[in-house]
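In this document, chain identifiers A, B, C and D correspond to the written order of the chains, with residue numbering beginning at 1 in each.
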Amino acid sequence: MIKLDFHPAGRHFLQIPGPSPVPDRILRAMSYPTIDHRGPEFAALGLKVLSGIQKIFKTTQPVIIYPASGTGAWEAALANTLSPGDTVLMYETGHFATLWKKMAEALGLKPEFIGLPGIEGWRRGVQADAIEARLRADTAHVIKAVCVVHNETSTGVTSNIAAVRKAIDAAGHPALLLVDTISGLASADYRHDEWGVDVTVSGSQKGLMLPPGISFNAVSKKAIAASKTAKLPRAFWAWDEIIEMNKTGYWPYTPNTNLLYGLSEALDMILDEGLENTFARHQRLAAACRIAVKAWGLEVQCADPDVFSPVLTGVMTPEGIDADAVRKTIYERFNMSLGTGLGKMKGRMFRIGHLGEANDLTLMATLAGVEMGLKLSGITIKASGVTAAMDYLSNQKIPALKIAA
Amino acid sequence: MIKLDFHPAGRHFLQIPGPSPVPDRILRAMSYPTIDHRGPEFAALGLKVLSGIQKIFKTTQPVIIYPASGTGAWEAALANTLSPGDTVLMYETGHFATLWKKMAEALGLKPEFIGLPGIEGWRRGVQADAIEARLRADTAHVIKAVCVVHNETSTGVTSNIAAVRKAIDAAGHPALLLVDTISGLASADYRHDEWGVDVTVSGSQKGLMLPPGISFNAVSKKAIAASKTAKLPRAFWAWDEIIEMNKTGYWPYTPNTNLLYGLSEALDMILDEGLENTFARHQRLAAACRIAVKAWGLEVQCADPDVFSPVLTGVMTPEGIDADAVRKTIYERFNMSLGTGLGKMKGRMFRIGHLGEANDLTLMATLAGVEMGLKLSGITIKASGVTAAMDYLSNQKIPALKIAA
Amino acid sequence: MIKLDFHPAGRHFLQIPGPSPVPDRILRAMSYPTIDHRGPEFAALGLKVLSGIQKIFKTTQPVIIYPASGTGAWEAALANTLSPGDTVLMYETGHFATLWKKMAEALGLKPEFIGLPGIEGWRRGVQADAIEARLRADTAHVIKAVCVVHNETSTGVTSNIAAVRKAIDAAGHPALLLVDTISGLASADYRHDEWGVDVTVSGSQKGLMLPPGISFNAVSKKAIAASKTAKLPRAFWAWDEIIEMNKTGYWPYTPNTNLLYGLSEALDMILDEGLENTFARHQRLAAACRIAVKAWGLEVQCADPDVFSPVLTGVMTPEGIDADAVRKTIYERFNMSLGTGLGKMKGRMFRIGHLGEANDLTLMATLAGVEMGLKLSGITIKASGVTAAMDYLSNQKIPALKIAA
Amino acid sequence: MIKLDFHPAGRHFLQIPGPSPVPDRILRAMSYPTIDHRGPEFAALGLKVLSGIQKIFKTTQPVIIYPASGTGAWEAALANTLSPGDTVLMYETGHFATLWKKMAEALGLKPEFIGLPGIEGWRRGVQADAIEARLRADTAHVIKAVCVVHNETSTGVTSNIAAVRKAIDAAGHPALLLVDTISGLASADYRHDEWGVDVTVSGSQKGLMLPPGISFNAVSKKAIAASKTAKLPRAFWAWDEIIEMNKTGYWPYTPNTNLLYGLSEALDMILDEGLENTFARHQRLAAACRIAVKAWGLEVQCADPDVFSPVLTGVMTPEGIDADAVRKTIYERFNMSLGTGLGKMKGRMFRIGHLGEANDLTLMATLAGVEMGLKLSGITIKASGVTAAMDYLSNQKIPALKIAA
């Protein structure tokens, strides 16, 4: 029998860019007794989370909550709006954009995958002008959807979705806009309605601070209209019946009750803090983290300051240094998990998550662990990133902690 | 703000046929800290649950664990093994068999739905001879799969899967055998390998005593072979990559960590009790429940004693009595949830769940609540079902409770 | 390593008269993070529980909350108000009255222990006239305090405290009135101020539904005045410094934070239900229990209907039947704990707790377990107590369960 | 209704020298269902914790576990071994030694309080030679007990108890040796038997990582002999009956079950880590903390390097700086609680706790919070304590984290 409830002395620091640490408060909520998903209490819960999650997406349109992890919501976005053989324009921002493209192929779509060459594309955001150019060229409107990743978890780049919207409009192209903000939601500002997104895909285990297991499709009228004629087979992911039953707070099949308890609590926490305050906190922590990386003399993976991610920071290790060996040292010596380099960046970078239940001191612990780990890995640092980050943080004005009453 | 952590004085009795009450022990396990699903601890967890769940299915073949609810696993079974337009033979045992058929249609398959007429089919198990006859007639082998529900949750009927296997073999037909035991697994005896099932579909929120959110496909070599040529589009549900990565204890996409903690604990609980003891307990409680129903002078929905379900008992209300009004009375007066009548049985029956974390005294509480509720609903009962059930239970020999040490 | 988190299949029924089953909601509250007992959040918690607990005692005077179990609060009541060698009049209602007397002796007091002879005294409440007579005879006012037990946990008798107050007043005697309602508080009506009690002693693990570990002294002006001159040495139990610091929500020494979280939650639960509703529920369950005992043809330990306890029912077993053997049978076969006979009643009775988180169906489960256990123990019952209890309960009008919103 | 389950964004850092942060694992254990404290499961729990706690005290003699907080165990040590009017020699190491002395007075003992003058005594450990001299002078053996504090929580000084033992022996004096290691146990090395301590007093909320509410008396044969003739009244605290009943794993009165669950878990955690490893970890963190303080140019309260505490570090603020204002700034800006200066040191120092569930990164977070808070409070620091601490920590060799299996 393995022992799951192990703890080496002291708290583990889970500083990967998701799953993020789940607050005790949410874990407690998840332990409420499971109830009848057809009974009267359930409707109150259902209506609450359905309405609350709209605020997080900044939408007044339906948000579908799936009892499935985020990858499923990717599939749902495609399967509800497209037909076999449809061409979709996808933009390579990194590993997850690449995986989404692979999924489109597996589902029988024809993804056209554009982006900057080599790892250069993995260091910058979506180039909206390239999308515009491609759409202008598509005079026959063969392209049915544009798919982009808002916050690319593999690199730490948060693309400008409003610019993509503008590009599509400028090209006068009817393609749907599908956006993955699995790791951006509730950490980076996101505006489903204002940006004219047709389907936004997201998940629970990042800014929402839940364990994995819930995922989302926020939709538009245009997307729903598209779903009426889309031919990809679908059942579990089909929007129509879910949207219909959601009106009364129920689901057509068994929802995952206890994760919905967690979602309800997460919504309370985030809306109590204030969504804009949550975003500001993430921006502050991310800025402090980048300042530390710069002080160490290392390079941030994201090469364009306009699209630095507030969720995570990718750190490139010097030539000849295996980033995963650094991660292993830090894990074994300091009881901290960092994200590995994925795909093209395997072994060349590690990722520091600073999302969800994160504050100045958990970030400082994280940076201290990285700084000590870099030294133990034989990497010469230029200066202490920890002191640079402290300088920055202690100069930020934030409201004093107040006691709840 | 709604208050989720409400409790009217005293414990709610959740006696629907799933989600079943989640034991505190499992809720606690679900609150272990979320860990890195790519980190070293995770592999130990992954390998443990993957191996443990095989024992529950009585299989040595792979079991795929989906981070999605049971309806998803239905889709997975179809999508991995079949191609658009394939004919499948499905058997109507009740509401869930009917829903699975609807799903097959939605996915572009051609289900042939057979069964006994009217509600008669909802009171008996799968008639294996009818399947055999149909397969014998299909000399061209147009039928690609036979789909049956093992434990029909809407009625309380547990069909004989071994007989279905024999029927297919007797007909010399190559069709795959797909079985849904979402509500049967870990409560009713089930033998994936011995019965030659090709895909078994199951879920977490019934005999496994977990909240909803995890589901399963147990597969056979023949099913895997079929998946190589099956043409239904699939990505999230695709077996191949999952089976491959599972060898090391990982998943290709984010698994739902905290529900896997719960699964690990559930496996410990069930295997500690002993799977056969678990089955015997369910049989004992189900027998006591039926004895009560008979004493009351009411009819059990299942009309064939050979296929009484050990998981739930469907109770038909007398003509003119709305079963849902009875349920409402019991809910409001005794703080107990019973299952509603579904589909063809709407308003004509209620369902008593006695699965998962259930024992003699929780059943007695349940039967007492029903008996009092029947009276309060104006139904004249013939005799006390509660005393009849006590007579039965107190004559059953079971091992004395032992203290864990 | 022993395994504490064991559960034989299904829920254990803890039907002893305390510790009572702790609701999940309270267990969750107890898991909030421990905070600085000198920090600002703590004061809010402290003030809340100090004010809430007054409502439960029905007092506007200070209630001292000790980070210690109930036996300690007995000692506190004596040590704060009395001097070495003081005579105290104590009344024998049962085992706990006897233990309190032993404690008085150990502390150097001179208890005079009166009551009815033999087990007769253990079947009736405090005889107020006997107290009055004794006090009238004490013209020199040698007796400094009258000590009685409100709800005698060993027998199931709830004495009339108002009558004792009247007796003291009628005698014109200045003795203090000290009352133990450890097992009565929040289950049986109790009125510290109205009844003119000088010190009320109580604990957490009964009607308050908490684990053991917190206890109380509710005091009067007269008791506080007495404490100024009382000579028994005391430090940990001393009221003065605690009452002083409590004004700001703090304690002079470390309070048991996490049990106070539980207390805060318990207060919310009880005051939400309404104290009088809580009492009515206990009376209903106790009446149903006694009806069952009578139907079985057994005798309730309490021989005076005016003082039946709403908290527990003592059941006398027939001559020649070892009550503990019956309890063992029920424990091993039905996973239910009943209270043993204590002191003079050892082996002659068992006690059924129906307090705290208890409702109609948990009581029915309990009575079913007892009824089956009696039969398995070879005791012939006259009739089914379970059906008699159901008849009674289903005729009680109580408000329908409402959904919290 | 106040909201107890509040969390400003991110985790609170509870860095007071106790209550220390309670690990989730212990909180979970505390939520096991309360059981019958007279039932068979309880004995297994009782015997386990009674035997495990002996290993922590390094004793083979009885350890009494009280369902009361630490202050109670102080009283128990005195009340069980002494008689009214007895002279006890107590040594002033700080605030808690002073409180213990006040308690001795309140109980009617005659404490003789020796120590170095002014705050000098609060900066050094017990001067064993002064004790020896005093005892040599007491040729009439008027002094019945020597009382010292092992780890003085108000200052961060860990006195040499072996030296006190030697002093008593050298003086040939029969006085009992009573030691308070409430805040030292399980963090600082402690040897009840080897050091010849007669009564060791401790509590739960420090190195044992539990919430407050449990306390201990470890005793010696000599102490038990003394208790036979000691005349201070006692009942709740009386050892004899508890020791007798503990032989079978039970207690004479209701023990606090759920905190014992927590104790059981804490024992598993500490003994799994290895007591000596636990001590080494505390020493490493304390050394790093002092290095930081020195780098800042501030003074550690403890002036004698031989008795630096591994549990906490007292930090003196520069003349004219109110230490509590610094603490407030840090609390409000960085969501971290530090210990206040007590008694003679009020406003002149703050205390950093680094005990219990603490590791390198939680310490680094703490030190970063202090360093930023010092700057925000207008204190000029000489150099970064954070970088000094990182230099130290990254040079310590400790075993790599291993995955439990």
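Rule of thumb we're sticking to: a contact is a pair of C-beta atoms (placed from the backbone, for glycine too) under 8 Å apart; a residue touches a chain by one contact, two chains touch by 3 or more.
These figures come from a predicted structure and were not determined experimentally.
**Q** Indicate the lowest number of steps between subunit A and subunit C, counting one step per move to a touching chain.
**A** 1
**Q** Same or different: do the copies subunit A and subunit D touch each other through matching residue numbers, with over half of them shared?
**A** Result for this pair: same.
**Q** Name the chain whose C-alpha centroid is most distant from the C-alpha centroid of subunit B.
**A** When every chain centre is compared against subunit B, the largest gap points to D.
**Q** How many Å are there between the centre of subunit A and the centre of subunit D, using C-alpha atoms for each centre?
**A** 45
**Q** Calculate how many whole Å lie between the centre of subunit B and the centre of subunit D, each centre taken as the average of the chain's C-alpha atoms.
**A** Centre-to-centre distance between subunit B and subunit D: 54 Å.
**Q** So what's the Cα centroid distance for subunit C and subunit D, whole Å?
**A** The answer is 34 Å.
**Q** What positions in subunit B touch 2 or more of the other chains?
**A** 2, 5-6, 24, 28, 31-33, 40-41, 44, 331, 403-405
**Q** Help me check something: in the complex, which residues belonging to subunit B touch subunit D?
**A** Listed in rising order, the residues are 24, 28, 31-33, 40-41, 44, 403-405.
**Q** Within their complex, state which residues of subunit B touch subunit A.
**A** The contact residues of subunit B facing subunit A are 1-2, 4-6, 12, 14, 16, 18-22, 27-41, 44-45, 48, 66-72, 74-75, 84, 102-103, 106-108, 203, 205, 211-213, 232-236, 238, 253-259, 261, 264-265, 268, 331, 337, 340.
**Q** Per the contact definition, I'd like the list of subunit B residues that touch subunit C in the complex.
**A** Residues of subunit B touching subunit C: 2-3, 5-11, 13, 23-25, 28, 269, 273, 277-278, 281, 331-336, 357-362, 364-366, 368-369, 371-372, 375-376, 384, 386-387, 390, 393-394, 398, 400-405.
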